[in-house]
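Note that the chains take the letters A, B and C in the order they are written out, and that residue 1 is the start of every chain.
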Amino acid sequence: MKKTVQELAVILGGTVLGDGTREIEDIKGLAEAGKTDITFAVDPYTEYLPQVHAGAVIVAKEVPAGDNTLVLVENPRLAFSQLLVLFHPRQTVAKGIHPTAVVDPSASLGEDASVMAYAVIGKHVKIGKNCTIYPYVFIGDNVVIGDDAVIYPGAVIHENCELGNRLVIRAHAVIGGEGFGFATNEGKHTRIPQIGNVKLEDDVEVGACTCIDNGTLGSTLVRRGTKIDNLVHLGHNVEIGEDCFLIAQVGIAGSTKAGNHVVFAGQVGCTGHITIGDNVVFAGKTGITGNVKGNQTYAGYPMQPHMEWKRSQIYLKHLPQMSKRIKELEKKLAELEAKTAQ
Amino acid sequence: MKKTVQELAVILGGTVLGDGTREIEDIKGLAEAGKTDITFAVDPYTEYLPQVHAGAVIVAKEVPAGDNTLVLVENPRLAFSQLLVLFHPRQTVAKGIHPTAVVDPSASLGEDASVMAYAVIGKHVKIGKNCTIYPYVFIGDNVVIGDDAVIYPGAVIHENCELGNRLVIRAHAVIGGEGFGFATNEGKHTRIPQIGNVKLEDDVEVGACTCIDNGTLGSTLVRRGTKIDNLVHLGHNVEIGEDCFLIAQVGIAGSTKAGNHVVFAGQVGCTGHITIGDNVVFAGKTGITGNVKGNQTYAGYPMQPHMEWKRSQIYLKHLPQMSKRIKELEKKLAELEAKTAQ
Amino acid sequence: MKKTVQELAVILGGTVLGDGTREIEDIKGLAEAGKTDITFAVDPYTEYLPQVHAGAVIVAKEVPAGDNTLVLVENPRLAFSQLLVLFHPRQTVAKGIHPTAVVDPSASLGEDASVMAYAVIGKHVKIGKNCTIYPYVFIGDNVVIGDDAVIYPGAVIHENCELGNRLVIRAHAVIGGEGFGFATNEGKHTRIPQIGNVKLEDDVEVGACTCIDNGTLGSTLVRRGTKIDNLVHLGHNVEIGEDCFLIAQVGIAGSTKAGNHVVFAGQVGCTGHITIGDNVVFAGKTGITGNVKGNQTYAGYPMQPHMEWKRSQIYLKHLPQMSKRIKELEKKLAELEAKTAQ
């Protein structure tokens, strides 16, 4: 496909600065882009533009750009994303049900479904329109899935789970496995059956090998638009709000409730039965040990407000010196005491 | 199903305080329970009972309970578990071997086995009575499994592993994969073949996407009754005692041996080749760096006894103030020195 | 198989100290080895040799060895590895394509391939000679794999990935899943399509349930000889050098580049968009927060050079005492001031 810079600017609702007649054939990264490619730059990378020789560069504001034509837009990342879809449309998959798929006769599938080899779909499952089910996907009895879902190879959706529209479930994610609940008597652990389910609302994404346990009673819940990375663990009855990010290897223990627009960076761990407000950001590896009000940034273990944590870490580096100063003080004071006593 | 509170109390070996003739139809959480539901409460939740309007509440001791009938038992959590099984018996699965399962003719399956679609069972495998093998379960050659096992979709049991009775292996768990052992020569790593196996004793549970590597020689061993959560890693030749808990995302390096009744909370990491006593509790995210005697609680990285760690963390917060006090002391002392020198 | 100690020493290029005519039938661990077994010992375990009664012991230098015959070699671990292969050759698998495997007609498979039950191989896939593809392996369209690869059950290789020779991919590893990239606009996250791939060079190993995301554009890259353990996460466009070790549960965020011979110990977390030099060692649980020059050892979070981190941790333990000394100083100084003021 070929488009002029001007045609692309129209698609993006942007403004051309420079030669809009150049023909663009592909979208590439800043370092790889050549004469027939469009790319994008945000700070601090915009300062490299004079060394870049692309066909065009998407930016948020006018900057020195050497021989590059600029396309000004409000959100360069979003524009970049739009052009990726334009130049690299998602691979289409064959529609229909592969003969090796085992679909229970009581299951219903919306139109334009693609169910690939060796998928297993249980009793009374309801799947919406235009869903793509890759090989080895296991969908347990009574699961409900909305329209336009993409479920990658080996994902497991246990019985009774309820999934919204435009869900993306990546390879080997496990949704609705039985939560980790035991009653201990004289040192022996007896499983407390977990009979709830998992609800994932519209536009949720779940990463590869991520495990979301079902509720003991009721549901483990992830609300609209929240994106979950790989290898994340959500315990039974966890509730995550809308438009959150859970980066890789985060673990959240049972019954914790988080608000909207919360960011859990990689390897954050969170204790159970607590409440987290809206718009909280947890830096990577934070250990969340108690309730958290909204609109704050936390770090460390045990967690502290991010600025306090940073300050603590700096003072920590000064400790050897502080120790020396105390020793010095003790020595001088002893001398002074001796002198005064004379 | 309907039961009176009195009938349920008999089943639980408990005592009714209030109206034992009420009819109970289901078991619910404290917040959701209505007139025909039984629920349970432990401290601190018992204080909310006057606001609860359930049919009956299981408790450990008499408490102000508003209009609720109480059922007194020794272990409310255990009683709750019993009633969950009563009101929500586990879904029965069809017995028999699905025609698409690939079972080697030399494998033997006990009576009442259920082997579902696309399971693969290798040579000389021995599986006990009443086992449930979900789709895509791979069982390698020479594996032995006891009675009443439940193995969820996609679990992989590599060759030669030995599993006890009443095992639960969750989706995509990998048992007996080759351990991470290399000999390094002039900077290049050559695999040391790991030819041992994994032994899981009776009543062990293994969470989703949990990986238990095989022994280099000999076995990686998890003893009776130990429960392992999702996304846990156990290296080659690790030994875990009886009735332990390993919460989500714990990682234990090769050849470490833990005693009985040890609790590893979420995201704990443990170095290899060490020994851990009985009844030790490691708080979440603890970094276990050396041998640990029994009957203690540890936290932090590097680990400290829990109370010491807590104290360190408090002093850490006082550091800026300590620094200020040292500066103040230096100033005053200098003044005093000057004054005395006059 | 039976070999004399002398015959084994010739195979290993080693020297016999003691009775070379003894017959050896197996290789065992130091504690388990008996009269017809060979074993190996490195410090500090060599001191136990007088209590060991093996047929022969592989060591790096002459040590008191009781009644054991010694075989001196340069690298006992490597020699041990060689003998493991000798006494326990890897199980051979049946060659050929299982009738239930779904192989696209446009795919090409080299000679001596073994493709087991229920594998799915997509369009235009090219697989080299002597590869072993276990059940439930999913290989997406256009994937290229070299010779002698072993791909264990349930591994997923997404479309367009390029894998070298002698690759080992363990169960449920996910290679080339779409990276975690979103453009956020008014609080809503829109996926940035990730259209790159993953390249794994020769002799790379990837552990069970490890997830390596594809590049946004371009490739996520793991260079020759690097070994990756279980449950590791590599984000989009990460580059790892040659002969590195990534131990279990390590997570590395997008676009980070590491040099050669880097060791990431268990549960290390690394931020995105940074550069790490050659020969760096990160202790377990290190939080890597910025660029790192080569040839150093780091620990802690935020990371510090290992020795500094150790010193900080020691001073941390002295904090309560330091606080007491400051209080004491304040008291004494006040007394002295009062006295001087008189």
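What we mean here is this: a residue touches a chain if its C-beta (ideal position, glycine included) is under 8 Å from a C-beta of that chain, and two chains touch if they have at least 3 such contacts.
Because the structure is predicted, anything quoted here is derived from the model rather than measured.
Contact topology of the protein chains: fully connected, every pair of chains touching. Rounded to the nearest 5, the angle that brings the Cα atoms of chain A onto chain B is 120°. Note on chain placement: the centre of chain A and the centre of chain C lie 26 Å apart, centres being C-alpha means. Multi-chain contact residues of chain C (touching two or more other chains): 100, 118, 136, 154, 172, 209, 231, 249, 267, 316, 319, 322, 326, 329, 333, 336, 340. Contact residues of chain B toward chain C in the complex are 100, 102, 118, 120, 136, 138, 141, 154, 156, 158-159, 172, 174, 177-178, 180, 182-183, 185, 187-193, 195, 209, 211, 213, 216-218, 231, 233, 235, 249, 251, 253, 267, 269, 271, 287, 301-302, 304, 308, 311-312, 315-316, 318-319, 322, 325-326, 329, 332-333, 336, 339-340. By the touch criterion given at the top, residues 27-29, 32, 75, 77-78, 80-81, 84-85, 88, 90-91, 100, 116-118, 134-136, 152-154, 168, 170-172, 205, 207-209, 225, 227, 229-231, 243, 245, 247-249, 261, 266-267, 284-285, 313, 316-317, 319-320, 322-323, 326, 329-330, 333, 336-337, 340 of chain B touch chain A in their complex.
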